[in-house]
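One structure is given below, represented as structure tokens, and several questions about it will come after.
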Amino acid sequence: MLEVQNLSMRFGGLLAVDQVSLDVQEHEIVSIIGPNGAGKTTVFNCMSGFYKPSGGKILFRGQEIQGKPDYRISRLGLVRTFQHVRLFGRMTVVENLMVAQHRHLNTNLLSGLVATPNYRAREQKALDRASYWLERVGLMEMANREAGNLAYGQQRRLEIARCMVTEPQLLMLDEPAAGLNPAETRDLDQLIISLKEDYNVSVVLIEHDMSLVMGISDRINVISQGRPLASGTPDEIRNNDDVIKAYLGEA
Amino acid sequence: MVAAHNLKHALFCAVITLVISWPIMGLKLEAVGTQITLQGADPFTWIAIGVAALAVFLFQLFREAILGRLGMLKSLNPMADRKPMPQEKRLKLESIGLTLLIVLALIWPFFVSRGSVDLATLVLIYIMLALGLNVVVGLAGLLDLGYVAFYAVGAYTFALLSQYWGISFWMALPIGALLAALFGLVLGFPVLRLRGDYLAIVTLGFGEIIRILLNNWTNVTGGPNGIGGIPDPTLFGMEFGRRVKEEGNVSFHETFGIAYSGEHKVIFLYLIALVLAVFTGLVIRRLMRMPVGRAWEALREDEIAARSLGLSRTGVKLSAFTIGAFFAGFAGTVFASKQGFISPESFVFLESAIILAIVVLGGMGSQMGVILAAIAVTILPELAREFSEYRMLIFGAAMVLMMVWRPQGLLPMRRRQIKLSTGE
Amino acid sequence: MQDLLYFGQQLINGLTIGSTYALIAIGYTMVYGIIGMINFAHGEIYMIGAYTALITITGLATLGVTWLPVILLIALICAMIVSSSMGWAVERVAYRPVRGRHRLIPLISAIGMSIFLQNYVHLAQGSRNIGFPALIEGGFQFGSSGNFQMSISWIQIVIFVTTFVCMTALSLYISRSRIGRACRAVSQDLGMANLLGIDTNRIISATFVIGAALAAVAGLLLGMYYGSVDPLFGFIAGLKAFTAAVLGGIGSIPGAMLGGLILGIAESMTSGYLSGEYKDVVSFGLLILILLFKPTGLLGKPEVEKI
């Protein structure tokens, strides 16, 4: 469903991403791994429209999306999380989820001002979806707290829930396990698999936690210094000499 | 060692205090004829400078201890850890309070002097302005320093429409507001892409441009002389003047067979302003709870995250900017009608600053806070005349102190609690 | 010929004003380069410099000092001391406590400070404008044609020379001195500089002090050039200087110089060929256009949004 072809991104003189290609099929979890500074997040930023790539194509269901404004890409059903959690800190947890459903709501000003039945119905539906996901990620009791006051692990889960209420087709998670304790990481593991199995979402994952990556990925792409290094199933990657060298070199 | 360092720092701060206050406050320039002379300040000022330096010295010397004590005071404050009231109870109390307040506001003008009613009308105009700016600054997080320009558009629209085409207040009210909104839209479209601080400067520049144009486009706006003879609003075609000005109209006092009184008009204007202010407050309150209101706040909190969820940055900001401008236009029309005369003098940067101060002091995003701050900021200088000279000095200082100590404002915004049904 | 001379005269006037804008713009650009905020109160600091200079000059005249270089030098030093102290205090009181908070907060604090300082001087010195004595009079006249006489006055020459000296000194200071190097490090990456043991608080203070000192120089020069000061003197000049900084590329010191000169010329051309009333409109219009079409300015570096 998603195809990245020969993606390049240049910042001034620095070629941060060089000819990276990857593809994601329906119903698949694909990981991008690589040493720090390899350009993984830059690939994400290009895919989600925050950067306009210097070269290459990104196709989503056959449609070229490279260089499109970020909000349009997200409306197509490609939604992402961030390496450093980005919540609407002074809004409540529910409100965070309601904002995410903006485009499912009736945003006609007049119908909102007089609260037409149609407006109220959609608002209620959005609330229901929000409570469903809150329950799903175990944040129901926190619903009316300010998002900025949640514990770190809860913030991570809220960020994923916030993506899910938009009913995405492809979810891009940027280091979702960073800063989580082992128990939380295991929960996350379960959650990501369930997103794929139960909600029919494809997932692209950037992650450093190798046991998480190896455990849940269908396929893995390795990039190093902006260039593609290897790709294949977890087993193939585990035994790839280049990858081992790159990782040992880093350590 | 630490003590010595503290002493040095405290001395340094005290010296700086002397340096920045002594020449400016202590030596006053006086123009005598063509000659300029220096006048030493009165003893009181000297004492004040000395006390200030001493205070800075002592504060810096015992900084830790004082701040620690202050922290303790905060924890002794019985209000500090009071449990917030449950939402239903609070809402009920609030709505009772508001209803009482509005009823009181309706009756009150019939028992007080004309001057007080006039002042109250001004307060209401500021409330409208502050509520409008609250959308832009408090909710959407866009610092608009040229807000007064939209106020001017509303006021001048009414003045010009009535002067050239004899259009009445009631027609001009929506036209002025819509025109101001249109200005907001046209200005906002290109500039809202800018980063926050650039936006502040550009809106400031825009406000100045509007004022300079009003000042110089003499054959239309009357330049610095302004426009006079702006008509009063009518009540179903009844005029409030002693004699009817427009053919076909009747006068209020004759229709009801009561003696003419200039107070009728003042009270009527007050009531119009009251209705419009309540309308403004209700509409904005509603908007805050709608998708668009949530989008404003989301963009304020984290623009990148908002964009990643499919919110269009320009669209959302533009809606806030336009709606803010709309209510400024509203207020402008009422202002023109109240004064009967307008000139560019009324639309200087100082006005934008006052409105911003109201929003900041009251609590960005908080409607109740903004309303109370508007009342306080407008009435206090009238109550204490000698204070009015110091008004802007105090506002400036208050803005800094609020940002340092209590950026959420005196009466911070409270978030609405939403009841969720569990289980499908 | 006459047209050409008239044009040349506008150019000289524009360069004069422009170089003082550049001096003020340095303060905006350095502060922005280091902590990424607009010091709204900078225009007021410049105004306070002008007032201090005038107070000193008047005081010296009362004391009977008549030798011009001494008067100018003492006035300059006093203005720089008071403005720098003010710059230091402003940073300490209004900016340091709110550094790193939500972007709206330092901005509002800065505006509050600007309003406060304006009214501080207003209350202490009255709102009327006060004449600045013309200490440097006369000039050269050359290139006359018809009834137009092109001229350059001594004060204009003094302004050029002083600006040039200040700018050169500043560039040398930034590139050679320890504090200058630290400044550059901090503007690259504040957090990193902090980790490397640079006292970033001190560097930020130094930036405010240097900017304020240059603004005081501009205050003395422009006070003499315009011949009067009032408490609102800094507001518009500050806006202009900010425009100059943005025009040249905020964060860039040569950019501030270039932006100042371009803005000065644009203004004097507007006054010379259109009407003095519209010169502010032209400079604000220029600001808006630059921000829309080239927000990084002429010499600024593009900013990459960090996600």
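Per-chain numbering from 1; labels A, B and C assigned in written order.
In this text, contacts are C-beta pairs under 8 Å (C-beta built on N, C-alpha and C of every residue); 3 or more make two chains touch, one makes a residue touch a chain.
Being a predicted model, the structure only gives us computed values, none of them experimental.
No other two chains have as many C-beta pairs in contact as B-C. Centroid distances built from C-alpha atoms place C farthest away from subunit A. Our note on geometry: subunit B versus subunit C, Cα centroid distance of 30 Å, whole angstroms.
If each chain is reduced to the centroid of its CA atoms, subunit A and subunit B end up 42 Å from each other. Taking the mean of the C-alpha atoms as each chain's centre, subunit A and subunit C sit 47 Å apart. Among all residues of subunit A, those that touch two or more other chains are 50, 82. Residues of subunit C in contact with at least two other chains: 305, 307. Counting partners per residue, subunit B has 304 as the residues that reach two or more other chains.
For subunit C in complex with subunit B, the touching residues are 37-38, 48, 51-52, 54-56, 58-59, 62, 78, 81-82, 85-86, 88-89, 93-94, 97-98, 101-109, 111-126, 128, 130-131, 133, 235, 239, 242-243, 246, 275, 277-278, 280-281, 284-285, 287-288, 291-292, 295, 305, 307.
Listing the residues of subunit A that touch subunit B in their complex gives 48, 50, 69-72, 74-75, 79-80, 82, 86-92, 94-96, 98-100, 102-103, 105-107, 109, 112-113, 127-128, 130-132, 134-135, 140, 143-144, 146, 162-163, 166. Across the complex, subunit B meets subunit C through its residues 16-17, 19-20, 23-25, 27-29, 31, 34, 36-38, 137, 141, 143, 145, 190-191, 193-194, 196-198, 200-202, 204-206, 208-209, 212-213, 215-216, 300, 304, 349, 353, 356-357, 360, 364, 389-390, 392-393, 395-400, 402-404, 407.
Residue ranges on subunit B touching subunit A, taken from their complex, read 283, 286-287, 290-292, 294-295, 297-298, 301-302, 304-313, 415-418, 420-424.
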